[in-house]
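Naming follows writing order (A, B, C and D), and every chain is counted from residue 1.
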Amino acid sequence: MLKKSESPMIIVNYKTYLEATGRRAIELSKKAEKVKNEMDVFVGVAPQFADIAAVAKEVHIPVFAQHIDPNKAGSYTGHVLAESVKEAGAKGTLINHSERQLKISEINEAIRVARQNGLLSVVCANEPSTSAAVATLKPDIIAIEPPELIGTGIPVSKAKPEIVTGTVKLVREINSTVTILCGAGITNGEDVSAALKLGTQGVLVASGIVKAKDPYTVLREFAEATKRA
Amino acid sequence: MLKKSESPMIIVNYKTYLEATGRRAIELSKKAEKVKNEMDVFVGVAPQFADIAAVAKEVHIPVFAQHIDPNKAGSYTGHVLAESVKEAGAKGTLINHSERQLKISEINEAIRVARQNGLLSVVCANEPSTSAAVATLKPDIIAIEPPELIGTGIPVSKAKPEIVTGTVKLVREINSTVTILCGAGITNGEDVSAALKLGTQGVLVASGIVKAKDPYTVLREFAEATKRA
Amino acid sequence: MLKKSESPMIIVNYKTYLEATGRRAIELSKKAEKVKNEMDVFVGVAPQFADIAAVAKEVHIPVFAQHIDPNKAGSYTGHVLAESVKEAGAKGTLINHSERQLKISEINEAIRVARQNGLLSVVCANEPSTSAAVATLKPDIIAIEPPELIGTGIPVSKAKPEIVTGTVKLVREINSTVTILCGAGITNGEDVSAALKLGTQGVLVASGIVKAKDPYTVLREFAEATKRA
Amino acid sequence: MLKKSESPMIIVNYKTYLEATGRRAIELSKKAEKVKNEMDVFVGVAPQFADIAAVAKEVHIPVFAQHIDPNKAGSYTGHVLAESVKEAGAKGTLINHSERQLKISEINEAIRVARQNGLLSVVCANEPSTSAAVATLKPDIIAIEPPELIGTGIPVSKAKPEIVTGTVKLVREINSTVTILCGAGITNGEDVSAALKLGTQGVLVASGIVKAKDPYTVLREFAEATKRA
C-alpha cells in the first residue's frame, strides 16, 4: 500500500477537463512524472475512471480515483467499486469532493472500503466545521477548501492567514495524524508556499495545472515551492 | 459509429460483480467474443468504467459504459464524461439503469451527449409507462424491465405473453424504430427465444451470464436461441 | 375531486419565498381569492407544505402542494405523503418542478399516488422532448418551461411563437387531453395572453406575482388577460 | 426558544405512518400531551410537515419537523424552509434521519439555519464514527442509532452495554454538552431505562409508539421508566 508522504504532497485533480481526458491524461501525467523525478517530490494525479488504467500503466507516480462509491461488489450498475479502481492501478481515491458530495454515512463507508482495499483516502471538506467532522472519520488525508478561498477567488498567499490556520487547528484538535492538504486557491508557487507555511502538508490542485498553458512549468514551480517552505 | 444490429442483440451488464472486475472482466469478454465469432451474433459487454479501456483493447466486440453523466466537460469531479468512455473505447452506454436512475432532464441530456459522441444509447425503463416515456426521447435502444419479471423472478419464457407484448406495443406507438431489449428474467436460451418471439430485438442480461458456472456455455446457448427465434 | 378547469388556469407557486411564507401565505392567498371571485377565473396557489392547512382553511380556491414523494405510507421520515397533503386540504400537487426534479420512475409513481388520492397532478418539464415524455405518463396537467424562456429571460409575449407552439404540438401528438400550462417568462397580462394564444390553457407563475409590489393588481391583470385571449 | 430539557427527553417520530397522519396526528399528540401533563416529562412529537401547524395549535408539547432543507428563502420549490416550519409552530427539527440523509455540508448548514431560527436541532447518525462526526458540528441533540440495534432488532435492554456506551463515549470526547438520544430498538419501558443507564439522555422512538395498539399506555410506560432510571 502507498504510504502517506513525509514530504509535501501535490495531487492534481483532472476533473472532467478535456485537456486531461484520454490520451491527454497520459501526456499530462508524464509531465507530472517528470517533475516528480527531477524534484523528488510527491506528485499524484486523479484522472477520470476510464483513464486510470492507462495512466497507471504509463507513469510511475501514484494515481487516485476521483471518487469511489461506498458499495460492496454486486448489483450496483454504474457505480465505482474500490476493488475496480484498485485493480486498474489506483493507489488512492478522492472522496466527497465538492462536486461529488456524499452523505455522511457514505463517506464513512467509503473510507472503510478504501482502507480495506489498500487505497489512500483523501476526503474533501468545504468548511472548517465539516473539515473537523470528517477528521473524526479517520481518513488518511483531508483536503480542506476554506470557503473564503473558493467563493471569492482569493489565493491562499493573499488570504488572511487565520483562514487556513483556523481550519488546520480545528482538524488537529480532532485528529493529530491526518495529512492536511489545501484544496482551493492554488495557482502558483507562492500559493503552495503559503499553504505549507500555514500548517498544511500539501495541496490539491485542478485548473491551476490542467488549464495552464504550460502545465509542466507551473507544476515544477509548485514542486520548487515545496522545497522552500 | 457502431450501427444498431439488424440481428438480435445480447448485451451483458457486468454490474460491479467481482466475477467481472479487472482481469476477470477481460477473461469474460474473451468468452463473449468467442461466442460472437462462432455464432455470428451481436454480443456487447458493459464492464465497469475502469475496465472499459482494457476490455476494448483485448476484444473486438462492442463495449458499453454502464452509465454516463449528462454533463459537458469541466468541473465535474467524479462524474463520467461521454468523451472519456468514448476515447477509452466504448461504443455505447447504458443510461438510467434501475440501479443508477436519473432525472428525466438528465436522461434527455445523456442521450444527447451520447449521440454527439457517437455512442449508442441504451436507456433502461422499469415499467410500461416509463418505457413509453423514454421512447419519446429517441434513444437508440430501450431496455424494458417488466416489473412482473423483476419482482417475482418469473422468467420471460414462463410469463404471460401480454406482459412483454403490452410494453412493446406501448413503446411502438411512440417510436417505431427504437430497438427494444428485454432486460429482466433472462437466464437461459428459452428465455431469450421467448423475449424475441414477444417482439423484442434482444436481451440485456447480467447475473444470468456473469454469475453462471460456465458463462461461455450459457452465452452460447443464448446465441443459439437467437437463431431459432 | 377537483376537476380540471375548462377556462384558463392560473397557478401561483409560492416557492420558499418569505413573502409567501406563513401568515403572509394566507394574506397572498386571500388576494388570489379576491381576484377569483371578482373575475370568475381559475386561480390556484401552491404554498409550502407547512402552510397548506392554514391556507386551505382560510380561502376557497384550490391549494396545490409543491411536491409529493412517490412513497406509500410507512418509514419515510421527512418525505411528503400524498395522503398527508390531501388531508391538509390540498386539491392537487406540482410534481418534478425544475427545483425539485425526480427520477422518471418516481414521476410515474407520484402521478399514480396523486390520482389514487384524488389530487390533480401538475407535472413540470424543462424541454420540448421531456414535456412529450411526461405526457405519456398521463398527468392531469403539464407545465412546460421552454428553455428559451428561462435561460434568456425572454417573456412569452416577446418570444418567437414557434418556441411555445412547437412544445405544445409535441405534447399534443402524445396526449390530446392533457391541460398545458406555460411555466416560464410570465410577468404581465400580455404574457398571459400570449401563452394562451399559442395553445396553452393557462400559466404557472411564481415571482411574477409573489415578488410583485402589488400582487393583487398584477394577478387581476393576469385574470383579465385570460378573458381577452 | 425551546430549551433543551434537563430531564430525559422522549421524541416520537410520526414518519409517514397513516396512524399518525392528519386528524390522527392530532389525536396521537393529545395522548402524548396527556402523558406529559401526568408525568412531568419531556415529550416531543415530530409529525409530517403538513400537520405541524394543526398539531402545534392543538397541544402544548414541543413539535419537531422531520427534516429541514439547508436552503435560505428563495427559488426552492418543494423544499422545507426553517422559517416555514418555525412559523407553523415547530420548536425543533430532526436532521439527517436515516430515511432522509443529507450531505455533510448540508447537515452543517441545516444546523446553522435551525439555530438562526431558534429551532432545536436533532441530528441523527447511524454509527459510532458518524455520531462523533456530527458531534463536531455542534447540534443541540444527537440521536444515535447503533447499527447492532437496527440491523438485528435487538432492543437496547438486551444489547451488550458496550454497544451504546461506546458510542456515547466517542461523542463525549468530541462534545461534552450535546444531548444524546438513543434512536433504535426502543419498544418498552425497559428499553428506555436501559438507554438512560447507558449514558443517553432520552430516546427517539417511532413505531414503538405510533404502531402500538394503545400508544398512550406505552408512552406512559416510557415516561415512568425515565423516572426510575
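By our rule, a contact is a pair of C-beta atoms (placed from the backbone, for glycine too) under 8 Å apart; a residue touches a chain by one contact, two chains touch by 3 or more.
Only a predicted model underlies this, so the values are computations on that prediction, with no experimental measurement involved.
> In terms of touching chains, how many steps apart are subunit B and subunit D, taking the shortest path?
Tracing touching chains, the least step count from subunit B to subunit D comes to 2.
> Check every other chain and keep only those touching both subunit B and subunit C; list them.
Of all the chains present, none is in contact with both subunit B and subunit C.
> Same or different interface residues for subunit A and subunit B, judged by whether over half of the residue numbers are used by both?
Subunit A and subunit B contact each other through largely matching residue numbers.
> Superposing the C-alpha atoms of subunit C on subunit D takes a rotation of how many degrees, nearest 5?
That pair's rotation angle lands at 180 degrees.
> Same interface as B-C shows up in which of C-D, A-D or A-B, over half of contact pairs matched?
A-D
> Just the number, please: Cα centre separation of subunit A and subunit D in whole Å.
37
> When the centre of a chain is set as the mean of its C-alpha atoms, what distance in Å lies between subunit A and subunit C?
45
> Going by the contact rule already set, what residues in subunit B reach two or more other chains?
Only 98 qualify.
> Looking at which chains touch which, would you call it a line, ring, star, complete or other?
ring
> Per the touch rule above, enumerate the chain pairs that touch, sorted by label.
The list of touching pairs comes to A-B, A-D, B-C, C-D.
> Please name which positions on subunit D make contact with subunit C in the complex.
Interface residues on the subunit D side: 13, 15-18, 21-23, 46, 48-54, 65-67, 71, 73-81, 83-85, 87-88, 90, 94, 97-100, 206-207.
> Mind listing the subunit B positions that touch subunit C in their complex?
Per the touch definition, subunit B meets subunit C at residues 96, 98, 101-105, 107-108, 125-127, 129-130, 132-138, 174.
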